[in-house]
Structures are given as C-alpha cells and as structure tokens.
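One chain, chain A, appears in both complexes that follow, with chain B as partner in the first and chain C in the second.
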Partner chain A sequence: MSDPLIASTRSAASGLFAQSSRMRVVSENIANASTTGKTPGADPYQRKTISFQSVMDENAGADLVQVDKISHDETPFETQYMPGNAAADSNGMVKMPNVNMLVELADMREASRSYTANTQVIKQVRELVSMTIDLMRST
Partner chain B sequence: MQPLQLFDLAFRQNEWLAQRQSVISQNVANANTPGYKARDVERFEDAMRKAVPMAVTNPDHFSPAGDGLVQARDNDPNQAEVLVSGNDVSLEQEFLKSGEVMRGYSMNTQIMRTFSGMLRSVTKG
Partner chain C sequence: MSLSIAMLSPEISRIGGAAPTAAPAITPPASAGSVPQASFADTLASMATDAISTIKAGETTATAGMKGQASLQQVVQAVMMAEQTLQTVVAVRDKVVGAYQEISRMQI
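Let's turn to the complex of A and B:
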C-alpha cells in the first residue's frame, strides 16, 4: 500500500485535471456559441457535454476521477431568420447552435469551485507532510 | 510499562489521520462524478480495538474481518443531500473533516516533539 498522503495528492491532481477538461469543454462551447453551418440548411455547432467517472487506481491505492466521455447535447437547434447567412435555407432560416450562455456560465462557476477545492486539498496535504518533516528537523 | 508507547500511539493516530485525509481527497476529487457516494474511514477507537488482537483460547476462534486494517465505509446516507446525479459529496462537510484531520495531526506532532525534547534533555544530562 502506498503512502496515504501521496495517494491524496494523486486524487486531488486527478480532480484538477478532470475539472480543467471540463473548463476546456465549456470554453469550446462559449467560443462556438454562434458558429453556424457553411452550406444551406447545414447543422451548426452542437454543444458538447462532459461526464466524469471514478476509477480505482491500484498504484495510488485511491479512487481517482477521470473524464468518462465527451458527448454531444441532443437538444434541437433553434432557427433564426438571417437571409444573408451562408447557412440560410430557402426560407432564409438559419439553424443556431444549441449553446445556452447561462448554462455554460453556471457550469464554469461549478468547475472553478471544484478546482479550488482540489487545490485546497493539495495545500492541506502539503502542510501535513511539512508538519512531519519539521518533527525531524527539531530533533 | 512501556516507556515509548506514547510515540507508538501518536504515530498510529497520525497514520489513521493520513488515511482519513486520503479518503477526503477522493471525495473532493469525485465531487462532480455521477453516482459517487462520499466515504469516510471508521472511527479511530474502533480501528484501534481491531488492531489489538484478541486472545485465541480455542482453535475455532477466528479474528474479526479486516483485522487491523482501516477500512473506508460509506457515509451515513441521512447526513447528506443526494443530488439528481446520485452524488452526495458535500464540499463543506469534507473541509470540516479535513480541518479535524489538520488539528489532530498538528497535536500529535506537537506531542511527539515535546516528548522527544524531554528525552533529549534527559540523555544530554
């Protein structure tokens, strides 16, 4: 069995990685919030979603978190009347991406809160380790 | 009387606290994992009772499961709110526990430091 404090750092680091992947997906969605298709009637950018899973890591002896899968949001696209757009169909309607800014911002907040929680754990573990090292220093 | 039992006890508790911190980190890392249930380690008293082996007076006696091991167990389901995703990790609860770990660990290292200072002053004369 490995050292539990090292295992803690590993789980926290896996959490950091998972949350930063989530942040990446959110930023991709926001960046493409108005990316329409190129040909008439083509589908625009489809919102991406991310989900996590818990994985037992034998080496670390701890439950790590991993990105399970990045999939697409199947919410139907809304159409807007934009006759000048390259993706406009014969009626001048353009399919817009199914990205909702409010949802993305909420998701971003949650990701950054979880990220902070994980960095806090790393800080505390480091303090525990330095307490033990200080014990040796004083003797 | 064993003169250095204090060090052993303090060390054991530190080991237990480190294990607890590890479970807390796992909970925090999995705070957004669907279906994940928060866990905690068993109480130190219980773990100690198991670690001190029972006397065997009959060959049919067997030791309790998980002898001397600190095992993670699921949280009390009534304590936390379960989200739609099936996840019941509460970050506030986890940091509260983490604070307890910090306090206990710091106390143990202080005790060890004080006693090693005492031993040192004796040996130095």
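Let's turn to the complex of A and C:
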C-alpha cells in the first residue's frame, strides 16, 4: 500500500493528462470547423469525440483516469450552397463539417475547469506533504 | 529524540514512493517474535536508496520531457516527487546531525 497523498497526486496528474487530451480534441474540432472535402461530393472534416475510462493503478493503489478512445461524431453533415468550392457537387452544394461552435466552446470551458480542479488537488496535496515534513524540522 | 525519528521513518519511506518492503515498525510487541524487526539503520538505508531512485527518476523524466518524449504533466509530477523526497531527506539529515551533535556534547 502506498501513501494516500502520493496516490492522490498520481490520480490528479492522470486527470491533468486526460483533460489536456480533451482540450486537444476540442482545438482540432475548432480549427477544422470549416474544413471541406477536396473532391466534389467528398465528406468534410468529421467532428471528433473523446471518452474516458477509469483504470486501477496497482502501483499507486488509486483509480486513475485514462483516455478510452477518440471516435467520430456520426451526426449528418449540413450542406451549404457554395458553387465555387472544390467540394461542390453538381448542384453547387458543399457538405460542411458537423462541428457546432457552441458545443465546442462549452466543452473547452469544461475541460479547462476540470484541469484547474486537478491542479488545485495537486497544490493542496503538496502543501499537506510539506506540512508533514515540517513536523520533523520544528521540533 | 531518536525515538521520534524511528516512529516517523516508516512513513517517510512511504513518502519517497517506496515499495512496501520498508520495516514493519508499527507491529505490536506481542507478535514481535514472528515478524523480524528491521533495525533503524536498515530503515534509514532503504529510505535513502528509495530517495535516490526517486530523484533519479525525476531527472530522467525531466530530460525526457525536454526531448519531447514525456508529457508536461509527467514531468511536473516526477519533479514534484523528487522535490518532496529531497525535502524529506534534508529534514532527516538535520535530525540525525542534531542527534549526533547532542551526543558529542554529552558530559562523560
């Protein structure tokens, strides 16, 4: 059995990593929000989604969080009339990515808040450990 | 004074991210015959070994992070772990040196 404080540091650090992966997915989605296909009728950028899973770390004796898989959002693409686009079909319609800016921004905010929460856990644990070590000094 | 160090040391070795091989110093006296009790020196030695390996792991991860092979979170965690271990080692060293000086000042 390892130290519970160390275990909380580890799980918080895994949370940091998971949330930064989520942030990466959000940024990819936002960056590709208007990426259309290259050939007429081709599919545009498909929105990515991320899911997490909990894994038991034998070494730390705590449940860590891990990226389960990064998959694609199967929502149908909306079409837009853009005859000049390389991806326009015979009617001049272009499939646009199924990225919703509002959803992405909300997701980004949530990832950011979770990341902050995990850093707060690490800060607090670090303070507790320092206080414990200081017990040895002051006597 | 050395008694307090002996009481704290199993916890210290755990703070250093040690394997649970450290001395079971908190065993009740009744079962002392069955479990071999490690001496204080052994506990200190194993703690020092763990501390060195933790600090080395911190350095390795920091180097890997600079090369881009480890994530920022891993680097921060490893360096923090090394920092805490170093603090523990310094505190224990101060205690030991203090005890030694106290003995050397003793009137015989």
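By our rule, the second predicted complex is superposed on the first by the 139 of 139 C-alpha atoms of A that agree within 3 Å, B and C clash if a C-alpha of one lies under 4 Å from a C-alpha of the other, contacts with A are read in each partner's own complex, and residues count from 1 in each chain.
Throughout what follows, a contact is a pair of C-beta atoms (placed from the backbone, for glycine too) under 8 Å apart; a residue touches a chain by one contact, two chains touch by 3 or more.
All values derive from a computational prediction rather than experimental measurement.
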item: Room on chain A for both chain B and chain C (clash or fit); value: fit
item: Which superposed partner A:R126 touches (first chain B, second chain C, both, neither); value: second
item: First (chain B), second (chain C), both or neither touched by A:L102; value: neither
item: Vertex chain A angle, Cα centres of chain C and chain B, expressed to the nearest 10 degrees; value: 40
item: Comparing the two partners chain B and chain C, which touches a greater set of residues in chain A; value: B
item: Partner chain(s) touched by A:S11 [first = chain B, second = chain C, both, neither]; value: first
item: Touched partner set for A:S20, first chain B, second chain C, both or neither; value: second
item: Partner chain in contact with A:E110 - chain B first, chain C second, else both or neither; value: first
item: Superposed arrangement (fit on chain A Cα atoms) - minimum chain B/chain C Cα distance in Å; value: 8
item: Footprint overlap on chain A, comparing chain B with chain C; value: 3, 5, 9, 132, 134-135, 139
item: Contact set on chain A toward chain C in their complex; value: 1-3, 5-6, 9-10, 13, 16-17, 20, 122, 126, 129-130, 132-137, 139
item: Touching residues (chain side chain A, partner chain B) in the complex; value: 3-5, 7-9, 11-12, 14-15, 18-19, 22, 51-54, 62-65, 110, 113-114, 117-118, 120-121, 124-125, 127-128, 131-132, 134-135, 138-139
item: Residues of chain B touching chain A in the complex; value: 14-15, 17-19, 21-22, 24-26, 28-34, 36, 91, 94-95, 98, 101-102, 105-106, 109, 112-113, 116-117, 120
item: Residue numbers on chain C that touch chain A, as the complex places them; value: 4-5, 8, 11, 14-15, 17, 20, 71-74, 76-77, 80-81, 84, 87-88, 91-92, 94-95
